[in-house]
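Following are the structures in question.
Two complexes come next, and they have one chain in common, chain A, joined by chain B in the first and chain C in the second.
And now, the complex of A and B:
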């Protein structure tokens, strides 16, 4: 092995490289590394939120979280919400993308309107849905009573399992357009000869979907599931505005616990410990998921 | 909003160089908003209408400016006797003052429905109330809009029920005492009322509860005097049919317990305009603007200054004229009212009350026992432990 002394030109190129990459590294540190380290640092203190005054407790906050037995129920609730709403988003999104890929009337208009739920603010969407589900004046209960499905209004948001089902459905309605956009874009690039070959082989519409379309969508679906799983896992505003985490803690996901600790109980350190724990769980899931999909994709 | 804009414009006119920017908040939103504001140091210069127990909590943590100067500027003798007691902090100073009084748990009833159901007198006890609600509940009309939601209204209203059964949340020296016979009786009664409330009462807060009665969906209501203005504006057909009383209790041997959140005005210690904020705080009590503010929802916020109650301009309002007995009853009830920061005249001021309410521990108790059907002993034990942890934090 021989050492190679850098020439002045090589050193200048190296310096130029460092100079060019420095802004990116600095921005990365400012927006990713610093908040992350701050959160971990905060989680080691007991801090009163309004004054940000507190004392060092080391891993005491983590011990309290794990000792209280509150973490697993909150994680389970978060997983139920995430898996439930993500599954519906994928199913509705793919189905709608397939419809919008056909030569239907007003296709352009339909493609625009389908994005509506994704574009409106969560606050507005929740207000509309809460009004629709209102026990006294909501159209949904009115229709159910008129149809003879029930004699008394249903409590959609204040009892279980209705509250979780309602939140999952509204979440699916709000975010499935993202799936539609991504899948529709991919559908338009699938080579037509693949379908022609499948038809020649006698494949019907269902067989063509499973043998041609779905494999072609695989890569984009991996990305969609990854992104939407992260976003749904840390969803706060929709659930908070719909149920506030109730009844009792039945829809209290991890982000709601973080919020309640930080601003309901004014325990910023404990909130940071919850947030760090939540991040660790998310990281584990993401690593497992990415490894699984890579393994399958290698065949 | 119009009344505030009038007061702001009038203050800016007499205070050159000062511009007042108005921001709104909500019953469920103020605590996190203020916590974030205090943490960041970007605080409002003056805050109004938060409950007194929230003010005590913030003052105890050194977040508020003593308010004695402002009270002196308004005139301490102008207030009703004892009106500022709830704002006296442990250091002997005042942490704020009341911008009004409120009787938040008045029982509102419909005379027409009572008459149709053969009920002669307004219920005074829980048994009478339940029987009246059962008699008045028909298809599409529910008995009462009691809150069962996971929010501050449920906590605050249920604390009233505990006291209406002779119980208490804390002992006078602020030891946790929620596990008592009064709380158990309150839980039992509250559970029995569930079938007389709309299905969605499991998520009700102040707005939903108020609307349920004003719209005619429930036979009784539980709210402040805001009911009067809302009925006048939104459902005038009911205007001649409604009246109010103090909320019923377990038995007439127990004194009524009115929840008064003592809507406040206070100044954050981090304010960069303290002198202007103090001047504006005192200006809010200037009769012309103050009366406009009180008239925005007559009976909702009641005057704390003796001279205002007797002021002919204050009395010259259609609702106050028409509903004089109701407004007088609310004023008297509110004047003798309490809240979690001030449970009784014998209780110490509770600087942790705001955090207890913010934790939803008491609303959780209601939901666990009534919605989930959890064991009362276990739920009460968990609630007592949760509150105790907050007190010791």
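And now, the complex of A and C:
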């Protein structure tokens, strides 16, 4: 930026730019950069949460996490949840977007109804689903019994693998609208002549989907998958409120472990070490995502 | 023949589509229905699809006998404060990021994107320690501070792409006509950016309204507790879970959202387009 001599006006503009960005930078440093660095620092201590008394343990917390083999089951649970709910979100989301792209009756009402789960609070979503899935009086058990799927009421959240399946399904319900809207926006920009050309070449609807629609969606799908993967990986509210990590710790994903260590077991330092370990895994996704956005030249 | 086939196909498509859509929306319908049923009707088997007797007793009880209104007030205060602060700062920040050249601009844009993806659980431990040592825990203000950690990157990211969509020529023309940089910002950029600002503000408000984890950790008194943790506390602290009451609370909690959906939905869709998806 200083390769050529700046005129006084340019220099004044640069100063103004810095003044405008200053509040943002200050807040970023105070509430994000500083906490992030101190999380890494805290992970080197053993801290009892109620008293906040700390004792230096170096890499002891990490040794405990990785040495005891506690990390891998938690990571596995997180990956099962992430991959499961993400797959459903993408498949169902793309299908729904294709349907909403057609000229169906009351399209804008349909769109609102689909969008709603994404915007309601996770607390509301969880309360409603817990009531729907209630083992004694829930409507879901009633419907399943009437439909002949099962004879006895199912315990959706208190046993495995039901709990994981339920959480994955509710996660898919809550977050698939994001995929719908994102894909729908892209569908509307696919040029119509592409379809006409395919039709003239004799391609049926299915061939048209695979030869025209899917290649056009490829780029946006990569971005959606990465974003949703990151967001699902770090999801706390939904799983915590649905199962609390249970039964035992069958649905205890990494964010839940961090929370439990810090505020359940009162081991702040250990919790920070878990958080940093989790960040390390997440960083892989993040780097890929950031590369992807950069490659598209939006930076 | 072909036309008849087309119509039949269309009807099939519509029926299938609407079956799925209503299935997706069913839990929300069930929430409203349950909130209107008297307690004894909940345990009827088979369940009644529509309430036999419609009652508003749960709503009345919610407003009279529970701290729901306090929680509601806290949530309104909290979300409004967060939105005003964050959108104000982010608008200036986004303007600087898009239209000014200065050292570190790229790094900053990168940092925004990075923090936009950062998990709350990583920040919450140091933030908790920080706010406790500042003596701010258990206040609405502490939550406003905590909420900026996710709301500010988000708002910056959205506003940055809205800002990038405004043609630069307009601003240049104003500058040639003798306007100052800030004058041009006020007269040219802001009016153009207004839909983007509204959209960002809506998203920020909804994000803050729905936040749960920070509220769970940082606030432990009814005086400052927002709706999310407040309503969950009503679930946990009652011995007999009163589902009708909880469903009534859920409906009431979604009221601001329903208002947004009814009147401002185009802004939500616009925010989607401008946000992460476009990259």
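For the reader, a short list of remarks on this structure follows.
The rule is simple: the second predicted complex is superposed on the first by the 252 of 299 C-alpha atoms of A that agree within 3 Å, B and C clash if a C-alpha of one lies under 4 Å from a C-alpha of the other, contacts with A are read in each partner's own complex, and residues count from 1 in each chain.
Criterion: contacts are C-beta pairs under 8 Å (C-beta built on N, C-alpha and C of every residue); 3 or more make two chains touch, one makes a residue touch a chain.
What you are looking at is a predicted structure, and each value in this text was computed from that prediction instead of being measured.
Of the two partner chains, chain B is the only one that A:248 touches; chain C does not reach it. In the superposition on chain A, contact of A:147 is made with neither chain B nor chain C.
For chain A, the partner touching the most residues, choosing from chain B and chain C, is C.
When the two complexes are overlaid on their common chain A, residue A:155 makes contact with chain B while staying clear of chain C.
By the touch criterion stated above, A:267 is placed in contact with chain B alone, chain C being left untouched.
Of the two partner chains, chain C is the only one touched by A:278; chain B is not. Applying the stated contact rule after C-alpha superposition, one finds that A:259 touches each of chain B and chain C. When the two structures are aligned on the shared chain, A:120 is found in touch with chain C, with no touch to chain B.
In the superposed model, A:52 lies in contact with both chain B and chain C. By the touch criterion stated above, A:200 is placed in contact with neither chain B nor chain C.
Note: residues 52, 134, 137, 259, 262-263, 268 of chain A belong to the chain B contact set and to the chain C contact set alike, using the contact criterion stated above.
Across the complex, chain A is touched by residues 10, 13-14, 16-18, 20-22, 24-25, 27-28, 30-31, 34, 42-43, 45-47, 89-90, 92-93, 95-97, 99-103, 106, 108-111, 113-115, 117-130, 132, 145-146, 148-149, 152-153, 156, 161, 181-182, 206, 209-210, 212-213, 217, 227-228, 231-232, 235, 243, 246-247, 249-250, 253-254, 257, 260-261, 265, 268-269, 272-273, 276-279 of chain C. The residues of chain A lying in touch with chain C in their complex are 1, 10, 13-14, 16-18, 20-21, 23-25, 27-28, 31-36, 38-39, 42, 52, 96, 99-100, 102-105, 110, 112-117, 119-125, 127-129, 131-132, 134, 137, 139, 142, 146, 173, 178, 181-182, 185, 220, 223-224, 227, 230-231, 233-234, 236-237, 241, 255, 258-259, 262-263, 268, 271-272, 275-276, 278-279, 282, 286, 289-290, 292-293, 296, 298-299.
Of all residues in chain B, those touching chain A in their complex are 31-32, 34-36, 38-39, 58, 61-63, 148-151, 198-203, 212, 215, 217, 355, 358-360, 364, 367-368, 371-372, 390, 393.
Residues of chain A touching chain B in their complex: 48-52, 134-137, 152-159, 243-249, 259-260, 262-268.
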